[in-house]
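Down below is the structure, laid out as structure tokens.
Going by the order they are written in, the chains are A, B and C; count residues from 1 in each one.
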Amino acid sequence: MITIASDFGSPYPAAMKGVLCQRSDARLVDVAHDFPRQDVRAAAFWLREVLPYFPPATHLVVVDPGVGTDRNAIVVRAGEHVLVGPDNGVLLPAARRFAAEADRAVYVVDETDLEPVEPTSTVATPRATLGRADAARGPASNTFHGRDVFAPAAAAVHEAGREGLEALTILSPADEYVDLRLPEAAVDADRATGEVLVVDDFGNAITNVPGEFLEGRERLAANDEVVPVGETFAAVGVGERLATVGSHGYVELDVNQGRGDEAFGLAPGDRVALECPGRSGNGS
Amino acid sequence: MITIASDFGSPYPAAMKGVLCQRSDARLVDVAHDFPRQDVRAAAFWLREVLPYFPPATHLVVVDPGVGTDRNAIVVRAGEHVLVGPDNGVLLPAARRFAAEADRAVYVVDETDLEPVEPTSTVATPRATLGRADAARGPASNTFHGRDVFAPAAAAVHEAGREGLEALTILSPADEYVDLRLPEAAVDADRATGEVLVVDDFGNAITNVPGEFLEGRERLAANDEVVPVGETFAAVGVGERLATVGSHGYVELDVNQGRGDEAFGLAPGDRVALECPGRSGNGS
Amino acid sequence: MITIASDFGSPYPAAMKGVLCQRSDARLVDVAHDFPRQDVRAAAFWLREVLPYFPPATHLVVVDPGVGTDRNAIVVRAGEHVLVGPDNGVLLPAARRFAAEADRAVYVVDETDLEPVEPTSTVATPRATLGRADAARGPASNTFHGRDVFAPAAAAVHEAGREGLEALTILSPADEYVDLRLPEAAVDADRATGEVLVVDDFGNAITNVPGEFLEGRERLAANDEVVPVGETFAAVGVGERLATVGSHGYVELDVNQGRGDEAFGLAPGDRVALECPGRSGNGS
């Protein structure tokens, strides 16, 4: 199985699927193609939360604001899973969730060694490159490495299998690679300071404060606004605010059947201070 | 085959697909994940209209404004099809379309008996629940039953097969369940009073007035606005209004290559009175 | 393999998938269902650029502003690929990319000879047609030929196989059909005049000027605005404009990590004049 995730919208993912189907009979499953555009951190969060629910698979990920620069394409083996994508950190939070460091390995893809992507047509197609001073990268386009680099790499990796990665000539061990760690919250007994990692499609503001912080609490102040703690959205009336533990295990600031981000005035990256009102320094 | 429908947007459906793939080799087909959010009635309409075009399958449906409350997860066998989803009525219009009552059965899912959903990782993941007074529901999160309850139930049901449902220990016959009937129009010889059930992506306002009402008519008054009756959109000029019989068999108020909802000022739930002008009480 | 493309949004594509699954075990791959609504030219462009990356397949395409008129359903065999869709030209640019004329054939679908689409239910469903003066088209709805005509035709064509098309009784050679040629740019040594074919989801304004025009140039004037020519988006700073050769082989007017259409004030169909500043008539 090959899963596919990107910030491409439509219809570019279809070209990647075509290339994958040219080179592999693997089952293809779309994870998402509407990740926030060129937002490596948001994609890294979602992949970390969603990919571990899949059975062992090859995961193709293309969120790649540096397309066309000299950033590498990399492959990360992590436990029973293999991830393929740009070397900008997007794969690492998922890889750490899949397996401890001793069971992970990172490889660089030699793009010049990839079999070039060709249309399955019998007529000439326009050439998608300008001449380059540095010809070391082969015939890939400069703007669509999802189709020309990452999809063929994912197909090759998938066909080789997890055990066959070491023998793949297109891969060499990475001396270094871009790591990315999602920010962690500072948590005391009665106060936690973190930030909004992402806002989901429902408008739930998902923070990086571990859900355990809410254990045993009935209410708290989120950036000085006091709201109930609920086990479920339905713990409050429709349209009312609450703090709860979301399905990822983190504190979320939500509205029952409404948008928490709007009600709390929060966007990804915004700082969030959670306190037990009346106990530790909430002066409001 | 397992079809999947929800109002989850993205990327939550991918976690459900992962769980399904962990537990079944069934082919997965997305029906839609952009049903109007938490709108049980709209989802019930679309499922009734779309699911019967599939071959016999297991249909996983998660439109669930009551997630985390004590509403049950249910399974409905209807003819050769099996539906899995929340007990809020969303499955019933499709079930009635699939088969007459004698060929339907409704079961409640014992959530504590479901094999808990686990990530396929070798490292610890955050816990997605607060302690609960009522521990009878097992380790599911409180906010994402699509992943933790409905997907595993759908996989179990699919693997058991339609004939194996009775023997499944996670199921017991439902003593009662929430029914949902989409409203029916009142139709006389020359007047029909109904409502807009849904507006589709093209802006067509789909009513609950059976298409037979238009038989033999050349024009009618829809909420006092007189428009032609056309067999096809193209019966009127581009941008012009008409009434037609849509692909679901109901009267639609449309605009050729435009949005009927905006042109007629109609939204889901709005009342619609259709009359033959000059015959029955159209005073305008 | 059957690929599926439309401008249907959601959930109508699911009904087409259901019909295909009723009649074929083929693998289904979505290309896109959010093509610009009823925009035959934009769809024709995207299909020409994306479909050739798929292995030989049946390609079902429904962008059909003339649904319900007497336009035909057609089948185009082009090299190893087969396309199915409305006779409005949308299939032709892809067909010409797949194969030269000697290796193409166009057929008309006899709609009355298609096996009617039926729901897999055991209860009656509303009838989706008005009586027609011209009964020659069979029981298809007037507004959803994707479900009632094109999907069954695609399934029949796929099951027959490329070699079996001649023997299919539902097909007859097309005496004539609507051709569509995307406009071509006029290119001189230092000046190219063309237009914006489409704007992609990233906001890149994709013109019909072949990428070779940029070869050896460092900057140009696009509608009198001078911008650098870059091999990659990253050739300029974030938020800055450039001209580059996109992954389709045409000149694109882009912004690094931003929207080129907005920065250049361009929409599909707009005229674009590209000149080498100071050399050929750029008076600004």
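Definition applied: a contact is a pair of C-beta atoms (placed from the backbone, for glycine too) under 8 Å apart; a residue touches a chain by one contact, two chains touch by 3 or more.
Only a predicted model underlies this, so the values are computations on that prediction, with no experimental measurement involved.
A rotation of 120 degrees, rounded to a multiple of 5, brings the CA atoms of chain A into register with those of chain C.
For the touching copies chain B and chain C, the fraction of interface residue numbers used by both falls below half; the interface is of the different-residue type. The distance from the centre of chain B to the centre of chain C, with each centre set as the mean of the Cα atoms, comes to 30 Å. Not a single residue in chain B touches at least two other chains.
Across the complex, chain C meets chain B through its residues 8-12, 14-15, 17-19, 21-22, 28, 37-38, 65-69, 117, 119-123, 125-132, 141-144, 147-148. Partner chain C is touched in their complex by these residues of chain B: 1, 3, 5, 29-35, 46, 49-56, 79-81, 96-100, 103, 200-202, 210-212, 214-216, 229, 231-235, 244-250, 252, 257.
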